[in-house]
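Next come two complexes, and both contain chain A; in the first it sits with chain B, in the second with chain C.
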Partner chain A sequence: MAIRFGTEEWVKAACVELNKSQAYKDAAKNWEGDMYFIIEPEGGLKETIIAYFDLWHGECRVASIFADESAKTPAYRFWAPLSVWRSILEKKLDSVQAMMTGKLNLKGDMAQIMKMPRAAVELVECTSRVDTEFPW
Partner chain B sequence: MPEVKVKAGEELNGLGKMLKETIDTNLQDPKKYKRIEKLKASVVIKESTSGVAVTLHFRQGEIEIQNDAIDKPNAYQEAGFENMAYISSGQISPTMALLTRKVKARGNLLVLMKIAPLMVLKG
Partner chain C sequence: MWFFITPEVVYGQDAVSRLGQLKGKSAFIVTDANVVKLGFVDKVKEQLSKAGIGSTVFDEVEPDPSLETVKKGSSEMTKSGPDLIVALGGGSVLDAAKAMWVEYAGPGMKAEEINPFTTGMGLQNKARLVCIPTTSGTGAEATWGIVLTDQAEQRKMSVGSRETMPDIAIVDPQFATEMPPGLTAQTGMDALTHSVEGFTSSWKNDISDGLCIKAIQLVFQYLPRAYKNGQDMEAREKMANAACIAGMGFINSMCAMAHAAGHSLGAVFHTPHGRAVGLFLPYTIEFIGDVREELWAEIAYSIKLEVPKGKKAGPILAEAIRGLARSIKEPLSIKETGIPADSFNNSIEKLVDNAFADFQLVTTARVPSTEETQKFLRYAYEGKSIDF
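For the complex of A and B:
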């Protein structure tokens, strides 16, 4: 059954997918750093959704939804409007293309991302495996 | 402190933002800045998966970045995101990337070699 995007249940399901993936484990074996996926309001979505993932050496340790960005100070922030996240998760838009065109924005230690570019790609790949419902 | 200027009126694409951040960090190193201080050239950098490109204009100490590729740059470099990242993180040397065709290059290769250290982030 599809899980509503941006809910506590959805981030937990994404966390499970990450922990199931050998490809992610391998790509992110040296990754250290938590992150926000920030979903900006658009269309029927009226409030920003802040999805938090604590990722450590190929493992998703914690995943949660926060109402306020100040709840944590993650090492990385990915942000985009809802439609961009939806296109990426539905594989209509490649995540690298989204980053290169500036549709998906990123703030954080670029040196670490550049060391493990596959980790970022596999991260998105895993989250896109969650059967997701977009009610907006 | 020297930094890359964005062409007036433009909002950089994602590739441009990443490159600007990388180059700005490297320009804080006087040795790296000195390498390009007298350089006068334009360089197109393209990410091959997305087709997104930017042009860097080196004007004897000043660097400007703009979206998209100009028609006749002095040098041209193209690579996929992952290979760009491996070069940026120092996991592949720019020379090795050229020799193994992980990077496609055209035009004045000396210019590309000269600016290569600006693209490498050591962190």
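For the complex of A and C:
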């Protein structure tokens, strides 16, 4: 059954997919850093959704939804309107191209991201496997 | 939404005279000692002086330029304060100049921090960059990519952003005539690899496609001639154009596994870039295989390569590329480059790690696992066609 995007259940399901993936484990084996995925309101979505993932050496240790950005001080922040996140998850938009064209914004240590570009792609690959519902 | 960006391209015989038409106060020429010795720097200075532009020369760029060289060059650049930077040399020189440009003109930027997501550097506010290649392969005059070597980590770093695209590319075949046959061969294989990978990467696009196909045709037709006779000016000009066209093509669609593996091999064993990526190209075609069969067939058709009914184009194209490499005495396996088996085996994990850290692995049409990457490298070492 499809899980509603941006809910506690959805981030936990994404975390399970990450931990099941050998490709992600390989690509992110040196990755250290937690992150916020910030989904900005658009259309029927009226409030910002803040999804938190603690990713460490190819493992998803924690995934949760927070009401306030001040709950954590993650190493990385990615933010974009809902439609951009949806296009990425539905593989209509390449995540790296989205960053290069300024549709998906990010803040954090770029050098680390550039050392492990494959990790970012596998992360999207895994989260795309969650059967997702976009009710807005 | 996607971008297609290129510099102003001035090409053909005497294209260097474009320098004499530029406006500026002072130029900083980035080059290497060999290019100075060949008298090419004098030709550039002569043109600049026609435009009333004085120049300072930095000739310390080494093959596979290091972060240290970039720092030294940018420091000299800052002392000189140019409004025009002229890079004259092979891919290493052009890449080093782009990185120096950023450190000079981008406030507080370090070369190793330049990434595809960097915007707003405003480089042109301080200086424009003119790139003049003396080899025909990297296409660096028409790309924003920068390959630097982190000597401490034994790793090649692919950095750069759209804003590190040169303002002007001057593609004058006279500067390619002094390339010895070996360098002609290596750099030509680089241009071929750019165009084949640019045409088949996961970011391929309508605008890059035509450029890549044209470059493939030019390389197959003219590289053997340029290799045999360095004074064949038609072949030199066509190869110079091919390299630039391939550069414009692939930088807007990216490369693939041959580049990820080639960068890795080069960083550990100092295999020349063009030789390394060219060596891996047929193996990459075999590995990607059916995922791009339709495109291998398009390439085969464009170079009049016969694909018998019922046969696949990928393996036939891979063999044709091996045939081309053989005809210009380029190695077909890692072993043939002279790397001993024990050195290779001792470095295999590093080679796999490097390849995985390379941006080009993001855009390869079939993504390998770590096991597949290791197997791929071992097959390429022995010269075995990929069968997995």
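Points worth noting:
The working rule: the second predicted complex is superposed on the first by the 136 of 136 C-alpha atoms of A that agree within 3 Å, B and C clash if a C-alpha of one lies under 4 Å from a C-alpha of the other, contacts with A are read in each partner's own complex, and residues count from 1 in each chain.
Keep this in mind: contacts are C-beta pairs under 8 Å (C-beta built on N, C-alpha and C of every residue); 3 or more make two chains touch, one makes a residue touch a chain.
Just so you know, these numbers come straight off a predicted model, no measurement behind them.
With chain A as the common reference for superposition, the partners chain B and chain C occupy clashing space. Once the two complexes are laid over each other on the shared chain, residue contacts for A:K103 go to chain B and to chain C alike.
Touch criterion met: A:A23 reaches chain C, while chain B stays clear of it.
Applying the stated contact rule after C-alpha superposition, one finds that A:D94 touches each of chain B and chain C. Touch criterion not met for A:P41: it reaches neither chain B nor chain C.
Contacts of A:K115 after superposition: both chain B and chain C are touched. The clash between chain C and chain B in the superposition falls on 271-279, which is one of the stretches 181-189, 271-279 or 325-333. Taken together, the two structures place residues 94, 96-97, 99-103, 106, 110-111, 113-115, 117-118, 121 of chain A in contact with chain B in one case and with chain C in the other.
Taken together, the chain B residues at the contact with chain A in this complex read 11-18, 21-22, 47, 49-50, 52, 81-82, 85-86, 88-89, 91, 121-123.
Remark: chain A residues 94, 96-106, 109-115, 117-118, 121 touch chain B in the complex. In the complex of the two chains, the chain C residues touching chain A come out as 1-3, 112-113, 115-119, 157-159, 162, 202-203, 356-359, 361-362, 367, 369-370. In the complex of the two chains, the chain A residues touching chain C come out as 22-23, 26-27, 94, 96-97, 99-103, 106, 110-111, 113-118, 120-121.
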